[in-house]
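After the structure tokens below, expect a handful of questions from me.
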């Protein structure tokens, strides 16, 4: 019997954060592919989808047929799409590309058309309780070689503002408690007006103290209404952001038309999208400048490289999502793709802990403000299943946000 | 020194028709790639572009970097695009993909994501001087297994109507004579009104005699004005064409809006496009149903698979151009791509002569109404340079069309 | 036999830069026309197209039938358009107009409808490594009588920024070396952010030092993304540019909609277009203020005067491309057309070297900030074939641009 | 003193119909140009405009500067445009082009770019009181060689329907009488409903009796509302009109959007337009298929060739107005332009009486269903001023139309 898939292993592990890894085994001894199917806060649903529903469909199939497998798991599912299923699909997709690369003896950037650049310009995060703390963090990042830094600051009165090192970050803790939501992981007292007044002053401070050379980014994390986003984009114009990230909720593509007319601040969007279809109007109407899909949630390399191809003739560049809660296989896929496409923009990055690197070695290398792809065949990432066992899963949630009156807001 | 390009051979040959083949040699003994850079009627301009301008840019470069080479030859040329330069680029692109496939030990359909289908539904041509002759030709095609046939009929009063085996076909003959245009290859006396009255009656005849099962196509060859195309598409509605091909000139994307309102006849377009940018409005506004670019004139596999990716979410399917005046490497690339993408529609095909197969063996296999891709590494096509020498280039032109008043019309 | 074309001579010569000149000989003793078919970096592809494919079509034809010849070479080629074929066509078109003018005993401006103005307002270039050097150059230009000056400044960190006298200018040198691209003609380290910060400060400096009277222009050379172009046009508003030139790549007509909303800075576009069809949406939707086609690359006077006619009712004025790498026949055609149409805007100009003037005497005269057309019959330009032989062709390329990560950017 | 205009003669004459001819005399002995400034029913206003206002502006000017003179008389008039002034301008424009052609020793088609065709497909008129009479007239036209015939039939109850040989034709008779409108030249009892029922049956009759080969046209003469025009265009679809002429009033460009969606019947429009600006939306939005401006009312060759240039890339073809009430100079200009442009469609024509040919010899020759341009220098038309005197002007009016209730309708 010709080459076929023999087993799909799903590895749930928590080396600091929860990850769901995928290992697709084949009939050729020693030939397997690794993938990442982590969906923060809903990890076990994905693991269950993979183990109970997806794996039985794959055993016996030819791992060479990636596009067909992708179609089988997307269009062939009927009740298709959404983050759980697209994350499961992404895990499989990456593993199949890893297998193909190993069979070809080529790193994935070579399979995808070869290098268009040596490395991928990366941005890191700098956050703080006040402007000075943010400034100091940016300086530290610059000392590490970063030329682009995303900066967030605590909003007065809002406890644990996203990205500022508060509750939002410790997503793996045991929550909720039996007492309900009155616990540390609720970011309480959100007030958009205060946020809108604070952020432009942050960037005024940063430009005054850091100068113009460093590229600065800012993440709205989908918290604003259209007119609030217009206000912010306009107020930030003097500070020349590299981009303003995720200003609106993903359901509101049309609102980007309103936003687009307000300023020349570049706009990035997309980490919450789960298919290319959601990206289309933003791209074809040139409502954004950077498409920021998460390869791990949008169906893997197969979908992402199509999105890059669609975005290119509209001069939309890529800025794939790259936080700590997606695993090294996805980060590796990001950088392979970044270095193979013509319309790469920038790459969000994470420094993984020693524990993560032990479980899943081979994440892209950081050097001189950029990420460098592996030249090993395939993704260049592996899974140490024995190490993974030592870091058992812990239930955890991403934070939620409530306003002062107790009503729910977007995190 | 690592793997690099050492030579770009340009092989101009006329085994029945003129072809320009490309052979990219590398520093690894025995490793080379073959491509096709044939542009009917302007062959030597492409050969000169390749030999004098493109080849010196490629020697020394890494053949793995296909996308970067593509960008270098497109955007890096500054005065870019158009049929001559995009054909030259296509020839290089195919050869580089051939090299990559050989290095990977994989057929190109595998490199492109693996098979989504076993074979590509093909259509052949049936033409005749009258309805009965066309009908007989369709029957012969059906006996050979074809399930889809493009049919053309001579238009009364028009000498040598496109596709009907007259002057238009013998494109390699020595034209023009010293006496100017008064020669066999001018298709004289074109009259759109007669054509518009004739074609619906052809299809009425064919449906009456052949039934509904066989798929019928028709090629307008860009000869109609918008309102004439509306008329034809509307008149053909009862006969359920698979598609109506190239109804309007390539410069007139906006006219497809007019056409689109007139009927439910599916529309195909694109053999004269030389970049994805020309395809965009037709695709994103869903003004066509099939995109028919010529891989050999639009920059090769690199551009075509992007076009396929762009077309897919708009439900536009592919129908790559596949006539006899593009060589076996392009036909092979067509079928590799057809079998790897999800939104393949249909494939135009040619039966090559023994002479062409001798010079360039390895064209896709026809069987049961479909084309089957090679499973050899790379394209699966080779060039016999010694055989090529035995068929020297003969200057030839595609026909031109003039109306009864002597004015030029579109062939 | 009545008047007919007897020969088409193609003269490739390098009096400092490479030029491809065309000389169309007729059956009337002493009656011939001269044209220019120079395509920088792809000269020999054009020469081959002319010699091998176009010339045989022309011999025997009536030189009076310019429009029919134009149609024959455009629509009658089937695989039509693009820089190589449109440059070849332009060379023929100019030569045929030159013949017609000589037969009529009239300068071309007379044939085109007679003078609407005495001379064509011209702009020259001023570039420098820093603001002061640019300022000094502008002053020198003003001393020579120029009332309009295009200014470019080196961008810190970018080696050989376009228009600043660096690598980009010496386009005829022997590039690339056998070592690949690591050579002087790669403009390395391009950074759009730095450029966007630098240019507005240049114009602030120039307006502060030179005042408001002199007209200032700036060429983006298609290097920006849509939102970057918005930013620049907006930031330059206080400095009242005559126009901002070629802000976006030619493939991106729709992006001009985004740009148009951002500022009142006049926009010019078009040197990379090769047909009127590319100009249409920019003109009919009034997305630009000046159309800047290159007569030598868009098919000559026949196409350009139609473009002027199309642009006029939309209040788009002309600013035909006029750099040193198109030859004196095209410059002469520019000025004849400028002085005959109602919607002339401004004319880019070049001072030709003695060597060029020796090979091709008769370029338009510069005086008092303007170019003055010849009143000799036809174009007023001639070709000295013997002198041309003394300056043999040297292969050369236009520069390419790469960003710090090695990826290709637009020159 | 160099060549200049010395006199503008205005010749009003009625060799069967009223004509206003223009003769522009120059300082060169024997060099003059002729033009036509006839505006049916308002002839003396044009003559007065020419004699009293335009002529004094022209004396002393260089006749070579046609475009500048055109701009002077259009934009330089301030209260510009409209039929009186544009007809006066057309008369001057034609005369200046005639002078330029004579100076060049070239027929105008040569000056305009040379022949693109040998002759201009012409249509004549066939009208009758009933279907049979129309049929007989078409047959007679076909016997004279016509391949295209415009047909009109009397509408029952409507006295003197346009184009049917009734009152409308004898436009030079002495009307109105002192008694007011109750006279022969009122077309009384117009009823659009009857018209809409009659015309499709006419064409059903004609196709049944004459077959499909002859091209049939029909002139609505701007008498319908948008929805009525939709109905007619749709009802006429089976009879394959060459075009449906002037379906809507010239003020209602937007109504063509409604019409355009209703059928595939080709639409022609334009004889009442007096500037290119009125043509623009119909052309750029492809709402018509043929542009039918009257060279004599739209400002002459200078404006018409721009309109042709604008129409071409939108695939709109020309069908210049050519009735008996514009004079031979305009007919000559029509055919020169028809034979020089690429997008000629069809030419309306008139057989001039012996009297007209005596006064104004040189109208284009009819032969084999087409008009053939003169090869004499300039227009090829002359004015016999002595003959003109023998046919003095007679006041006359075009008809008016009233409905049964006495209300005014469009003629």
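As written, the chains take the letters A, B, C and D, and residue 1 is the first residue of each chain.
In this text, a contact is a pair of C-beta atoms (placed from the backbone, for glycine too) under 8 Å apart; a residue touches a chain by one contact, two chains touch by 3 or more.
Predicted model only: the values in this text are computed from it and were never measured.
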**Study point:** Shared interface partners, meaning chains that touch chain B and chain D
**Key:** C
Point to revise | Maximum centroid distance from chain D, chain identifier (CA atoms) | key: A
Point to revise | Same or different contact residues where chain C meets its copy chain A, judged by the half mark | key: different
Check your understanding: Between chain A and chain B, what is the separation of their C-alpha centroids in Å?
Key -> 41
Point to revise | Distance between the centres, which are taken as Cα means, of chain D and chain A, whole angstrom | key: 68
Check your understanding: Where the CA atoms of chain A average out and where those of chain C average out, how many Å apart are those spots?
Key -> 45
**Study point:** Centroid spacing, where centroids are CA-atom means, of chain B and chain C in whole angstrom
**Key:** 33
Review point. Which residues of chain C are in contact with two or more other chains?
Key: 68, 71, 249, 251-252, 277, 407-408
Check your understanding: So that we know how the chains sit together, what is the shape of their touch graph: line, ring, star, complete or other?
Key -> other
Point to revise | Touching pairs - complete list by chain label | key: A-B, A-C, B-C, B-D, C-D
Exercise for review: Flag every residue of chain C that touches chain B in the complex, lowest number first.
Suggested key: 39-42, 44-49, 52-53, 56-57, 59-61, 68, 71-72, 75-88, 176, 178-181, 249, 251-252, 272, 274-275, 277, 297, 395, 397-398, 400, 407-408, 410-411
Practice item. Could you please specify the touching residues of chain A with respect to chain B in the complex? Key: 62, 64-69, 71, 100, 103-106, 110-116, 276-277, 280, 284, 302, 305-306, 309-310, 312-313, 340-342
Point to revise | chain C residues within the chain A interface of the complex | key: 193, 196-197, 225-228, 230-231, 234, 248-249, 251-252, 254-255, 257-258, 261-262, 403, 405-408
Revision key, fill the gap. Within the complex, chain B is touched by chain D residues 115-121, 212, 215, 240, 242, 260-261, 264-267, 286, 289, 313-315, 317, 342, 344, 370
